[in-house]
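Heads up, the next two complexes both have chain A, just with different partners, chain B and then chain C.
Coming up: the complex of A and B.
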């Protein structure tokens, strides 16, 4: 339980409140950044690029009012097509530039710097996940977390669980079944592969059976929970247990910061990336962070695959 | 002897952590249920989510 705080103990709540509120404030500020820079400014860059192209081709709207009208009409037409069943995907509302940005593009034949900044931040995947993770790590390793705030930082952790439950509202049964079956195949291969590889490698390295058992379960299934569940079965020593957990969490941290960039470099589809993350990253919190970093669809797929993987815990008990 | 004592302490700590985590899971389920109910009742809707964001283009 983190730094020894029992979250269900009401008497400890006042102690947790300051840190929890600071975490909430930090998260809220970063969400503002994400919505504005990664969301609005990035969409603005696409729209500004489109407008700039029409300006360069001499097809730009004569006035701002004409530009707004053209954008709204184009949306109306797309919506009608969707309502008639000619388009499968509902069109999203058009991004309409503000007058000052429209004038800037038309007069200077250039994209305003703020839009380029948003596009660059999106390109480098500096989303809210990255800012929160890196920000937290920088604070922790430079100025440190004041003692009064420390219990509250642990209180922020369990919110990830109801978050995942509520995420269930996004799933369609058909998608869950489709992803679940593909996930099942991936997970069977991964769990068996990890168990065989670790056993062979462990025998060569002459490592303890307990440690190998914990690592097989932890790496093959779902990290810490699986290691805890099988510890009594494989008769693991406390030292083995901490080695296994350390390895799992260290590997997860490494993956968390590298997978989104590898996925981007390989131009992986969100669903493919989600399946990869859901299979390879063991700790649920790290998995959710790495998948969210990449995109919402990746998160949905990664969660289903993760649930399938967790379902394999009882197999290690045998 | 010392190793057995360490193992015993470790098992006690693991049991306590596990039971605290189970209690935490029940609390989490209650929170999630309340949120889902609030969404179904229309208390939490798109307007509420939009209101979180004050910095917009």
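Coming up: the complex of A and C.
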């Protein structure tokens, strides 16, 4: 799908517009879902749980107005402490329940269903990344994408890499150096380990040298881009080239859908998860998706590690 | 009424099952005294697919994939030529560039062939059926020409 559209040809851009706009609309709708369900409802669940606890302990505010006032005052106090330098972290604005939700909790001594739904979605990490990925896959494999929209589905791809460059605005040099040095150690171990493992396995399986070269570069460095870079150098057969790309992308897809859950199950810190994803997932788009799925800090760390790994491409050209 | 076969199209690739198809089609053409045209299509898909990958030497890779495929095709056609020469049949070799399915159908439309001979893989396992593009089936669905399939091991 999408194959046959040359993104560098300006004349083909109008063809891409309908599909691109539909993709943007889809993305906007899903972001609204994320903001409401994963953001508001999930915060609402935390606040509702806190209120329910105080209701059960008999310490609930007498009225809604009293509840709102108490929440605002506690925020003011926290803000003052921060301004005085007693607290390092700036407090976030409090989530204040709506009157109907407050009444429901006080009267029924239970959490409203919508908040439980938001908490469940967050627990299963059905964030915007998951909805966009799964939604795209379901649409493509069930109803399909109409021909008029197909060229536009590839239009987003060139934005991935400039997007990563723009992400650079979030980095502090000290952080980059710190993560970069740890990433460098991880990457050196990973690249060498992958190359050695694949060579040993390839010799045992009597696999073609070209295929081994492609897999070593692809699995060890940065997936498809590395395979493209080294294919002419290692004289790979076209069939082997696509085997290597298929292996890399299938592995990445598997990682993309499992890593966030493994990370959560192991309760990994965002930075640790980011380093893991940045080292293990080869394709940049899949890496960005898996890291974003987990959190913003994970994304920043994963990108630095990924950049370090990409720097190893020239080593395979030798 | 006698059954006449004047021209046969054999489509090959660099796979094992197409060797079996070559052997059969040479015997077949010899028996009927027909002309055997052996076609290899350099698949344009890899070049177009790699055009969408943003890698350092994408263009070099795209050219390389075309060259490598053409080389594979020429080697396969050379093997066919040797076999056809030994059998002493009337033959012709052809290379086309494009999507395999489209190019085979175009060739069938442009020339007057009595038969199309294709090698095909034995797709027994469910996974094989999913993985395979199944070109022979796609050709079968889109042409009314007589087709002989030679199934590989």
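By definition in this document, the second predicted complex is superposed on the first by the 316 of 318 C-alpha atoms of A that agree within 3 Å, B and C clash if a C-alpha of one lies under 4 Å from a C-alpha of the other, contacts with A are read in each partner's own complex, and residues count from 1 in each chain.
In this section, a residue touches a chain if its C-beta (ideal position, glycine included) is under 8 Å from a C-beta of that chain, and two chains touch if they have at least 3 such contacts.
The shown structure was predicted, so the numbers you read here are calculated from the model rather than taken from an experiment.
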{"item": "Touched partner set for A:154, first chain B, second chain C, both or neither", "value": "second"}
{"item": "Which of chain B and chain C A:228 touches, first, second, both or neither", "value": "both"}
{"item": "Which of chain B and chain C A:44 touches, first, second, both or neither", "value": "first"}
{"item": "First, second, both or neither for A:237, with chain B first and chain C second", "value": "both"}
{"item": "Which of chain B and chain C A:35 touches, first, second, both or neither", "value": "first"}
{"item": "Which of chain B and chain C A:166 touches, first, second, both or neither", "value": "first"}
{"item": "First (chain B), second (chain C), both or neither touched by A:98", "value": "first"}
{"item": "Residues of chain A at both interfaces, chain B in one complex, chain C in the other", "value": "6-7, 158, 161, 228, 231, 237-238, 241"}
{"item": "Complex interface listing, chain C residues touching chain A", "value": "14, 43, 45-46, 48-58, 60-61, 64-65, 68-69, 72"}
{"item": "Complex contact set, residues of chain A against chain B", "value": "1, 6-8, 28, 31-33, 35-36, 40-41, 44, 98, 158, 161-162, 165-166, 169, 228, 231, 237-238, 241"}
{"item": "In the complex, chain A residues that touch chain C", "value": "2-7, 154, 157-158, 161, 224-226, 228-229, 231-232, 235-239, 241-242, 313"}
{"item": "Sites on chain B touched by chain A in the complex", "value": "3, 6-7, 10, 14, 17-18, 20-21, 23-29, 31-32, 35-36, 39, 52-57"}
